[in-house]
Structures are given as C-alpha cells and as structure tokens.
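Each of the two complexes below includes subunit A, the first together with subunit B, the second together with subunit C.
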Partner chain A sequence: MGLFVLRRVGVMILTALCLTFVVFYLTNLDPNLEKLAKTQGNARMSDEQVQTWLSNRGYDRPDYIKYGEWLGVLPGYVIEGADGDIRGRCLRAGVTAEDAPRFCGILQGDWGFSTVFKEDVSKIVMIRLSQTAKLMGMVMLVMVPSALIIGVLAGMREGSRLDRTLSTASIVTTATPEYVSGVLFITIFASSAVGLKWFNGSATSAMENMTFVNFTLPVMTVALYGMGYIARMTRASMTEVMTAQYIRTARLKGVSFRNIVIKHALRNALIAPFTVIMLQFPWLLNGVVIVETLFNFKGFGWTLVQAAGNNDIEMLLGVSVVSVFVVLTTQLISDIGYVFLNPRIRIS
Partner chain B sequence: MTHFNSALHPAAYMYAEEERAGKLSRREFMTRATALGLTATAAYGLLGLKAPAAAAGAQMGGTMRIQQNVVAMKDPRTFDWSYLGNVARCWLEYLVEINSDGSMRGMLLEGWEANEDATQYTLHVRPGVTWNNGDAFNADNVVWILNYWCDKAVEGNSMAGRMSSLIDAETGMAREGAIVKLDDMTVQLNLPASDITVMVGMADYPAAVVHPSHDPENMVAQSLGTGPYKLESLEVGVKAVLVRNEGHTWWGHSAEGIGGAYLDRIEFVDYGTDPAAWMAAIESDEVDMLYENVGEFLDIASAIGWEQSDVTTGATLVFRFNQKTEVDGMAPYADVRVRQALSQAVNNGVVLELGYSGRGTEADNHHVAPVHPEYADIGRPTFDPSGTKALLDEAGMGDYEFELITLDDDFNRNSGDAVAAQIRDAGANIKRTIMPGSTFWNDWDKFPFSATEWNHRPLGVQVLALAYRSGEAWNEAAYSNPEFDALLAKAMSLADADARREVMADLETLFRNDAVIIQPFWRKLYRHFRPGVVGAAMHPSFEIHAYKLGFSA
Partner chain C sequence: MDNLTWTGSLGTLLNPALLLAAGLFAIAIVLQILTSLVVEPYRAQTLPDGRLSRRGGAIGLIERAPQYLLWALILIVLGYLVGGMIAPYGKAGIIGAISKQLTPVWLALLATYVVSIRYKRRLGLYGKLFDSTVGMIGFGIVMFWVYTAFFSSVGGMIATHDPLSQVSGLKNKLPGTAVPNATDFAMGAHYLLGGDNLARDVFSRMVLGSWEVVKIAPLATMFAFMVGITLGVPAGYYGGKLDTVLSFLANLILAFPVILLFYLLVTPEIVMTGIPSYMAAVLFVFPVLFALVLLNARFRTDPTKRNLIVGVVIGAMAWAYLSLISQPGTVMAFLPAALDLYNIPPGILVVFVSVVFVNSPTVFRIVRGLTLDLSTRDYVAAAQTRGEGPWYIMLWEILPNARGPLIVDFCLRIGYTTILLGTLGFFGLGLPPESPDWGSTINEGRKLLSIYPHPALPPALALLSLVLGLNLLADGLREESLRD
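Let's turn to the complex of A and B:
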C-alpha cells in the first residue's frame, strides 16, 4: 500500500514536470512573449521596444534556463536593463539586489509573480481556489446525493415507468450544456423579463457572502449537468447488480424488496459510481470555467481564462500544477477507496 | 476664485456675442469661456443667465457600488483607460475639471488667466490643499507635475502630447522658461505660440496630480494624494475598494462651490464587457450605478426602473485603415484609391441605424464633431458604392480579400457588421473577424483595417493632434501627411474659433480626401443608476467624480 502511494506520488511529480514544461514552452513562444510585452508595457510598442522590454526582463534567454529558474534548480537572473534599472527574478518591490535570495523557484516555495493580477501566484491561486472550492463543495453536496437516489430508484426495476421517467430526465439534463441551461435559468428565475426573480443572475456577491438567493443558480447549473451523468452510471450499475445471482437467491429466500435494495444491492452498486464521482473533481475544476464566467463568479476557472487570455506565464504554470495535483490526488483516492468498497481488488 | 474675474478675458465677451448670434452652442461657449479662466458663474453671467444650482443635497455616508472594469493601476501619465482615471480620481486630483455641461473649473488650481493671444497662462494654486501625508500643496508641486508630464522619454506618456507646446523638441523635456514659478502660489506658463488646448489637457484622465515622491510601483499601497478617499484594496479584474480617508482633512469640504465627498465607501466591481452581465448585476441588486450603458440594454435598464442620464458628445467609433501594416508582404491600405473605394461604399446613416440603433448623429469621416467649437460643415462624404469596384480595379485590388477586425462587444461588432456588409454589397471582397478583448487588444493598433473607439475631447483639434499627426503614439491609422501637420499646427495656434474654422474647413477636406477613416457616427453616451443616486450624471469622457456621488437625503 505504502509503495503504491509512493509510486503514485512519483507519477504525479513526473506528470507535473512534463505538463508544466509543455505549458512553459507554449507560453514562451515568440508571439506569446510579444503579446505579454504589449499587455504589460503598452499596446503601442514598436518591435524594438518589445525586444528591449523582453531582454530587460530576461525573457529572451533559452527556455530550459528559464524553466530551471522557475523550478528553482538554477539561480534567478539579475539583469541590468538597457534603461539602467536592475531587474531580477528574485527582486520584488522593496527587496534590494544584495538581500534577494539566489534561487527563487517552486522548489523554494516561490510560485512566481502574476503579470495580470500583479500579485504572487500562490496568493491568487489560494484566493481563487477557495472560491471555486465553495462552488464545488455546494455542487457536490447537491449533485452526489440526488444523483445516487435517482440512479438507484431508476435501476431498482429496469424498464418500469419510474425508470423511464427518471432516465429521460437524466438524459435531458446531461445533454443540456451549462451555457444553455445557465442562460435559461437566468432568464426564467432571475430576470424581470419573466418576472419570477426568485434568485440572482449574478453570483458576484456570493464571493463574500454566499446566500440561497445568489448561489442557487450557478450551483444548479453545474449540478444538473453532472447529476444526469452520475445517475445514468448508478442506474447501469444498479440494474446489473439487480440481475445478479445472489439477488435472485435473496428474493427466493423471501427477503423483502426494500431489504434487498438497501442491504444487498446498494453497496455493490455504488462501486462504479464512486469512481465516476471522483472523476467529477477534475472535471469540475475546469468545467466551472463556463459557469464562473456566466455568473461572474471569480474562481479558479475565471483565473485560468484571464491568465490564458493575457499569456500570464507563471500564473498558467501555477494553474497547471494545481490541476495535476487535483486530478492525480482524486484518482489516488478513488483507487484506494475502491479497495475498501470491493475486497476482491488488491493493490500491489 | 471670483476675485480673478475683475477683468474678464476680452475673448470671453466675443464668445458671448457668438453664443447670442447662434454661432456657438451654450456647451461650446461654456468650455471656451471657462478655459480662458472665467468661473462657470461668470460665464453664465455673460449670457445673462444664472448658474444652475448645485445638485440637491445628498446625505452623508453610504456605500456606492459601481459597475466598471478594474484594471491594473499604473503611472497616471501613462493611463490608457478612463477606468484608471475614475479609480485614481478618488485619491488623486486634477488641476482642473471639466463638468458634464462642458464647463471647466479649477480643482487644485483655484483659477487661471490667459493673455489675449493665449501664449501665456497664469495659474493660481488653491490655498489650503494638503497631501494626505501632511505636506502642503503649493506652486512647487505644480511645477514638478508639469515637468513630469513633459518627459517625452517615458514609454506611453500621453501627457507629453497634451503638453506639447511646453516641450523642447530636442531634449524631449520641458522647454527652458516655459514653466515659471512666480511665487509660492502662482505659476506661469510661457508658450512659443498660441495654444488653446493646454488647460483642457490638464483635465484629461491621465493628468492626475501625483506627489513628487510618487513611485508608480507603490501607488496602490501608498494611496498618496490630495483627495478625500484612499484605496483600501484593488484586485485586478475583480474589485477596487476606496474608503474615506479618516485622518486626512480634504480641502473640498471648506472650499466654496466644491463640497461633497458624501460616501464612506466606493466599490468598483468588474462585470466584464458583456452588458447582459451588467443587467444581471442590476437585477441582483449588486450595483448602484453603471459606468456606461449601451444599445438594446438601455431599454432594459430603464424598464427595471433605473434612471437614465445621457450626454451628446464627440465620442465616436472610427474605422481606420492602417496605411503601414503589411499583409503578406504588401500594405493593402497604402493606396488612397483603395481607402477611398471602401469608404465611399459605406452609408454612414445606415451604420448609425444598424450599429448604434440611431442613438447619435451621423459623422462625416473627418473626426471633427458638430459639438466642437471650431467645427466647419463641409457636407456629407461621397457615397457612391457603384464606383467602388472600378476604383479598386484601378488600384489593382479588385480581387483582394479585405478583412475587417473588431472587438466583440455590442456596438463595435454591430457597426463593423454594417460596414462590412455595405462594402460587400458594393462588390468588394471582405472578410469579417470578431475577436474577444483578450486577443483583440494585443495587436489592435497593427490590424490593417479595424475599429477604434475614441472618447470625447472638448476641442476638435485635440483629437486630430492625438490621433492623426505624423508619428504620434496614438496614430494607429499610421497617417502621415506634412501638409496636414502644418495646417493642424496653424489651427492650434488660433484662439479665435471663427478664424480657426476657416483653417479647419481646409483641414477637414484634406483629411477626408486622404480617406484616412470611415467614421459613421457620433455617439450619445448613456449611463444608468439607481433612483436616489446623486452626482452620477453621464460625463462626455466617462469620468466619475467620486466626491460628487451620494444618495439623496
């Protein structure tokens, strides 16, 4: 078990290295650097000014050196610019060249500086991730129990009227993308056009003060989409279990239908959905991009859009590291959890 | 500042005559008379009118939430968005201020006078103003800030363009003797030729007055200024929060005719560029006023029950050809015949109707607005779509595929569609590209054919000088014509609008014959706010004067 976890952590680090290098390489392509210079300097810079701007800040050096600096295995640059100012990777406002550390990469706990947000990447990641965590937490709270209930109810008696109704509903919600359901919800429940005005069509105030009124619509928009999918998985798994030999035996023994479902079928039926639910975490992390933009909720997805739109190199790298961590950690949990749910599976 | 008006500027009487004769609109009269150093009261007096009473009293206290994009703060002289000015205006102030009715008044200057040919200005510093670090504001600060603006070497310093008559072309700094401190409270500006734009230049949004110890890197943390508020936090793309600066005595409370600073707290909240999100914010009760409202959303906001404020302006959308940008090794718009062919295919009235729902007035492709004092009516531009194809063939560009790129936001996009559709109808081959802000702004000034939004400026020559003079930083049409530069320089030295109008007629004609731009319309600008909000009237330059805002008692 310990070895298994250790191996997975190793894989995680390797994946993070590969992914961040790919992101690093792409964001450091010449046109992207030019874009960075223009958004940071000013929109009307000439090509020479762009070149000076980049070389003053060390962007014109080979990728592997810059990547090494970001990792913290190579010392950060200190460059005396063409304008006479001394700039360095490790030099922030208020730190002189003498006091600054030589290495300041992710190994030293320094995630870098976001050029868009003008803040430390680690700080932005923490703030925005906590916002998305709020959204994700609420979504999970709504989505998982209701999806399981719907799935189990539908899967108990395959082909019954209840099954057909619930299955149709699940397929409809899963087939409706968030940008369609979100807009519909806003129009129906939040605008003067229809006049219901039960909820808020904007979740900006939910960042500070989460209420039923301002958070219902974004949560429902994400939850409904994922709910149908999990419900379908649960139903499939449930119907399979319900046709198994031991259920038939239990039936023949005269166990009540209620007890069969709750005591015998449920646990076995939940193994497959468990994996699916764990898979929802990475999906949510990026799936919230649309919903966060639509409801103007400034979380992780919104940050990703802003960083990508402005070629904010270190912010994008930070986002990648977090994403790799979330994806692989949830996979690890799902693998370990699987063992507990299904004793037939052995790790290592 | 009434005591400076013992001798009114002679030109003011002349302007008043013109206003009575109908040559000047009241707004133009106010701009020009107050630019010569008259108070608004005195200017109204010349017209035989009483100055309108100040806005009905607002109650002290409250939090105002304003929908506005929140962008990263930077050195004020390099400001490139009115948003920056609106946030900075809470703790940094301006020497002079232009109000929604076009009149100017002194803020950190108590008043000023111009000599008869507008070559010498005397600026009187307002007594009793202090910085929030305790320093007194005096003539030294004014001299310092003027020199700061005149530093042409600083990348993106657009104040240098506004102060060009103070700058020595060789050193790129303020000319020796141009800025003279007469005493602790008086500064004199000596210009080589008449320049009527100096004072209005000091009211523009990059002209925020900073302390001599100003450090652009540290602006946000320091919040060092003369204004009544201080910056509590600024999260790019999210929110900027300003709170009353409790330890600081703001001069405005005791100055006659200023007053205000009612609010305890001002929040600028970013809702992106999609007006639908602004409407959602209104419906969700998350904001109290909008920065601007546009298009079809005007009716929606009014239907919700918010109040609308509008102002007629020289704000516009300009479809400009970049004459230098190369596409596949050649510059498609270098040839005036190509530009002429495309512009004569477009009926500006149609673009106004389709692109901006008729909420403005038709423009004539020369970027001088009827609201400008020196506007010369040279008639409508040629509209001859039937000749377009022939002219393009003559230039050897008959089969060329043009591309019109615009920003993806309500009226930019719609107007662009209307322009491209008309060009297509005239037989030219044109592709339409719409980009989101995040990609558009990276290359926008290099796009061969694209739309630029221009804000209103009080004088017509100002925009021409900023946008079309050879080599200017904001000249994304890459227009360069020595004849135009010479005529413009001549126009800018004439204080008398009638004399200037004659030059302007030639200037406008020359400019339009060069087919530099397609300019479909002048925009009316709108803003919506919650009933009960005071001091939020729409401003021709989108300015929000935080100290005027409040909730009615």
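Let's turn to the complex of A and C:
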C-alpha cells in the first residue's frame, strides 16, 4: 500500500511538471511575448524596441531556463539592461540587488505579478479560489446526495417505471451542457420578460452575501450536468449488486426489501460512484468556468477567462498550477480511496 | 402585414386539447410511480389462447393510462405539424409555418423510417435499432438535424432569410414579427423565431447552425477514433513499455482542464506560430497509417495484390492528407496550388484539431481496455498458433470483436464533441464571430438574456435535442447489441 501511494505520488509530480511546462511553453511563445511587450511597454513599439524590452527582462532566454526560474529551482536572473537599469526576477521596488533572495519561484511562494489585476498572483488566486470554493461546496452538497438517491432508487428495481423515469431524466441532464441549462434556467426563473422572477440571473451579489435568491441558479446549473452522470453510474453499480448471490440469499432468508437495499446492497453499491464523484472534479472545473462567466460570478473560472483573454501570462500560469493540482489530487484520492473502500483489495 | 401568433387558427381547437392531455399525462405519471412503490409488479400470464394477461381494475388502468395519454399527446403534436404543412402560410401560426418550411425534412424522415422498418431484418445492427423505442426516438432526432443541416446548407431550402443579412426595424423583435416591406403572406414575410441583437433571423441562423455541427462533429470524432484505435490496440496487445508511455501521455492530456487547453490552443497568437498546423500534421496522419497497416496485414500473403491495393488506397489517402495539411499562408504551405485539392479555413482547422486532440485520449483508454480483455480470448490464441502476424490479429481478429462498445461510444462521443464545439462558440474561440453555430449564437444571446430570451433559446434547445438524440441512440444501440 505504501509503495503504491508513493508510486502514484511520483507519477503525479511528473505529470504536474509536464503539464506546467506545456502551459509555460504555450504562454511564452513569441507572439504572446510580443503582445505582452506592447501592452506593458508601448503599443507603438518597433520590432527592435520590443526585442530590447524583452531581453532587458530576460524573456529572450531558452524556455527551460525560464521555466526553472519560474519553478524556483534555478536562481532568478539579474540583467543589466541596454538602458543601464538593473532588473532581476527577484527584484521588486524597494529591494536592492544585494538583499534580494536568489530563488523566487512557485516553490518559494512567489507566483509572480498579474498584469491585468495589478496584484500578486498568489493573493488573487486565494481570493478567487475561496469564492469558487463556496460554489463548489454548494454544488457538491446538492449534487452528490441527490445523484446517489436517484441512482439507488432507479437501480433497486431494474426495469420498473420508476427506473425508466429516473434513467430518462438522467440521460436528459447529461445531454444538457451548462451553457444550455444556464440559459434555460435564467429564461424560466429570472427573465424579466417572460420568467417567474424567483431568482436572480446574476450571481455577482453572492460573492459577499450568499442567499437563496442569488445563488440557486448557478449551483443548480453546475450540479445538473454532473448529477445525471453520477446517477447513471450509481444505478449501474446498484443493479449489478442487486443481482449478486448474497442479495438472493438475503431474499430467500426472508429479509424485507427495504432492509436488503439499505443494509446489504447500499454499501457495496457506493464503491464505484465514489471514484466517479472524485473524477467529476475536472469536469466541475469546466462547469465552473462556464457558469461563472454566464452568471458573472467573479471566482476562479472567471479569473481564468480574464487571464487567458488578456494575455496575463503569470496569472494564467498560476491558475493552471491550481487547476492541474486539483485534478491530480482528486485522481490520487480516487485511486487510494478505491483501494481503501474495496474490501477485496484492502484485505488481500 | 399582421404578425403571426404561435399556433394561428389551429390553436383554437388544439391548444385546449394539448393542455388537457399534458396535465392528465403528468398526473398519470406521478400516480403510476406512487402505485409502483406500493403495489408489487404484475407478472403477465400466458392465456390458453396464446395472448398475455394484464392487470385489470383501477391499478391496471393507472398502469396503462400514461401510455394512452402519451399517444394522445403525440397525435395532438402531429396535428400541429401536419396541419401546418397542409394549411396555407400564416393560417397555422409560427409552428405551422416552421413545419411547412421543414417539409423536406419530414418527407426524408418518413422515407427513411418506412424503408428501414420494411427491411430491418436484413440491415444488421442498424435494422435492430428499429426494435427499440428509445433507439428509434434517438435516431429520429439525430436524423432530423442531419436532414435539416443538409437541406438548409446544401439544398438551400429551409432557411427563410440569409443568416447574415440584417433587416432594419427587426432588432430583438419577438417571434412572428412581420418583415417591414413584405407584402403578401409567403415564406420570408416573417421572422419566425424573432430577430437577434443585430436584427438577423433567429430561425435561419439556428437551422444553418446545425450544418456547422453536422459538418465538424462526426468527422472530428472519427479522426479521434482513428488516433485512439491506432495507438490503443497495440498498447493493449503488447503492453509493457509502449503501454506505459502511451498511457502516461493519455493521462497527461486528460488531466488538462479542457477550457484551459482551448484557451491556450485556439488563440490567434498560437495560430500564428503554426502549432495547430503541426498538430494537424501529426493527428491526421493516423487514418493513413491505420489504413496502411490494416490493408497490409490483410493482403501480406499475396504481394502483387497487396502492392496494387495498398498503392492505390494509400496514394489517394496520402494525397488527401497532404492537401488537408497544406495551407497557403501558414507554416505548412508546400504543395503547389495545382495539386492542393482543398483548403480548410484556418479557424475551422484549429477547432477541429483541438477537438480531436481532447477526444482521442479517452478513445485510447477505451480501446486499450477492450483490447486487454479481448486478447485473452481463444480465437486470438488460435490465430497466434496459425502463425498470423501481430497486426493481423490486432486489426482483423480483435478490433472487429470490439465494434459493439465502440459504436455505442462513437454515438456518445459525437454528442460530447457537439458540447465541446458549443463550449468553444460560447467563449468565442476559433469560429468567426458572425458564424451561425449554436455556441456562438448562445453566447451572443446571453448578453440580453433576461430582457430578450428568444434569440438564445432556439440554439440552446437545438443543441440539447441533438445531444439528447445521440445519447438515446447510443442507449438503444447498447440495448440491442447486448441482446445477441
């Protein structure tokens, strides 16, 4: 078990390094840097001026060195520019070249500076992430229990009317991406022209003050898409368990149907959905980006869109570190959790 | 010139009937679910004359009522559609006019169903689809959009207006608004589903948007399958280092949040560096490789025949491949214009490449899993004993036996690709902003959603119905392929 976890963590770190390098490479391509120089410096710079601007700030060196500096395993550059100024990766206003630390990368907790938000990336990531955590937490709270209940109810009597109704409903929800269900929800529940006007079509006010009126629609929109998938997986797992030998034995002993479902079937039927729920996190991340854009909720996904749309390189890198970390950790938890939950593997 | 109402004169009779039937249907469904929780399921007995018995009394009626009411509902909806088709323009309202516009689609659907059901026993898995109600419904919805896309773009029929032309005075106007200078009741006299923010016809844009999906999604899914199969079968069959490396790469791509990947790949800056062109060159070579290995493994024993077949097929495919990746004005412009068969607009190419790139690792994992399972079978051992080469075993013994799950996944994956395309459009990535595809239209419509919901709703519902149809089709196929 220990060796298994160690190997998984090793693969995870390797994956994280590869992924962040890919993001680093793609954000540091020449056209992106040129755009950065023109937005940060002067929009009417000539090609030579752009080149000097970039070389003054160390952007013209090979990608792997820049990546090492950004990561914090190589010492940050200190360059005396063509204009005589000394610039360094670790030099900030008010810090002299002697006092500055040698390494300043992600590992040292220096995430860089956002050119769009004019603020430290780590600070923005923390603020935005806490907003999105609220959304994610509510989504999980709504999605997981209801999906499990729907799946168990549908799976306990395969082929019954209840099963068919619930299965159809889950197929419909898996066919409804967030940008469709969001539009439908806003039209039905929030539109001032035809709607019921029960909820708000914008979740901006939910950032300070989360209420039933302004937060229901975003939560429902994210939850709905994942719900159908988890419910279908739970149903499949439940129907499989219900045909197992020990369930038949319990029936023959005269255990009531309710007790069979709750005491015998449920625990074993919930092992498979656990993995599925954990692996839903990457998809939730997608949903969160769409929903935060649609409902104008300024969280992590909204930041991703802003950073990507405005060529904010360091912000984008910070965002991708966090999202890659979330995805890989949930994968790790799902792997370990599966081993832990499944008595056949745990005991042998 | 009058504006149209939703149902016109048909509505006076059919609207109350529809309301009544829908209400009763909802009540009946709830009643049925409630009784099914209390009452034991009924086991039908075979009567002496060969018929099946059924439950009588109130409970029997409750169990059958939804079925009857559903038929009533279907009849009423058919009434709207057929009524609209027959009645002169404008008499049957917006729904009637739309139904009239869709006449070629209805006829094509009818012909498809009549022919398919008539010959379903001779049509293999496709024919079996018509034994399952769910599968038939799904197939119907999918074919509806396929025919709509085909007739509207290639045939130039269904759309009432040009998707890009703006008619002044119709900005954000409600469905059924008359076009200002139209004189007589005929096609094009109204904006059937209203006008959007730029005074363009919502109905025509939705109809033509289906072509954007139908043209990209199945083809992109097919390329993803080619990549996934060409890499997944050897990974599962050989195992070892190859499997470890390929699985690691697949997991790498899968761990990437899709939207971040899209934002990194589908920007004008990245297109300028030529990365999508290089990716296209790599991804699109897989079908050629696949065909080469497939044919070579089959005809290896007969070199003259092999050389002829492989030469002709691969020659044609290689030419198609080269003209596909060679684009004037990009890094890949090596083919002279005389030899270049076609050019794909760069926006479409980027979208295509990124969708294939995102989809192929999942296909790889599925194919690899299936191959792992199938390579322990006796017929594989038999082929190995016969002395067949590894590629023959992989592509002609294992792959055909994996076709059931792959076909089902293919349908699901087209749906997923449709969702991805919508996502791209929703974020305004790749496709040109005036493009009528559903994602872009939803994105434009959402800005004024709470005041004017009508421009965003039709594309949203269209996308929902197409993906739903594909999911139902996959469900029906799965059911039928498990049956034998």
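Quick note on the criterion: the second predicted complex is superposed on the first by the 331 of 348 C-alpha atoms of A that agree within 3 Å, B and C clash if a C-alpha of one lies under 4 Å from a C-alpha of the other, contacts with A are read in each partner's own complex, and residues count from 1 in each chain.
In this text, contacts are C-beta pairs under 8 Å (C-beta built on N, C-alpha and C of every residue); 3 or more make two chains touch, one makes a residue touch a chain.
Because the structure is predicted, anything quoted here is derived from the model rather than measured.
Looking at the shared chain after the overlay, A:Asn259 reaches neither subunit B nor subunit C.
By the touch criterion stated above, A:Thr211 is placed in contact with neither subunit B nor subunit C.
Contacts of A:Thr249 after superposition: neither subunit B nor subunit C is touched. By the touch criterion stated above, A:Ser130 is placed in contact with neither subunit B nor subunit C. Here subunit B and subunit C are compared by how many residues of subunit A each touches, and C touches more.
By the touch criterion defined above, A:Pro177 reaches subunit C but does not reach subunit B.
When both complexes are overlaid on chain A, the residue A:Phe117 reaches subunit B alone and has no touch with subunit C. Touch criterion met: A:Ser191 reaches subunit B and subunit C at once. On subunit A, the surface touched by subunit B in one complex and the surface touched by subunit C in the other have residues 35, 186, 190-192, 201, 293, 305, 308-309 in common. Those residues of subunit B lying in contact with subunit A across their complex are 72, 78, 80, 155-156, 217-218, 235-238, 269, 271-272, 277, 279-281, 283-286, 300, 303-304, 436-439, 441-445, 473-474, 476.
By the touch rule above, subunit A contacts subunit B in their complex via residues 34-35, 38-39, 41-45, 49, 93, 116-118, 186, 190-192, 197, 200-202, 204-205, 214, 293, 295-296, 298, 302, 305-306, 308-310. Interface residues of subunit A facing subunit C in the complex, by the touch rule stated above, are 11, 14-15, 18-19, 22-23, 26-27, 29-32, 35, 157, 160-162, 165, 171-172, 174-177, 179-180, 182-184, 186-187, 190-195, 201, 282, 285-286, 289-290, 293-294, 301, 304-305, 308-309, 311, 319-320, 323-324, 327-328, 331.
Contact residues of subunit C toward subunit A in the complex are 29, 32-33, 36-37, 41, 63, 248, 251-252, 254-260, 263-265, 267, 269-270, 272-273, 275, 415, 419, 422-423, 426-427, 439, 442-443, 445-446, 449-453, 456-457, 460-461, 463-464, 467-468, 470-472, 475.
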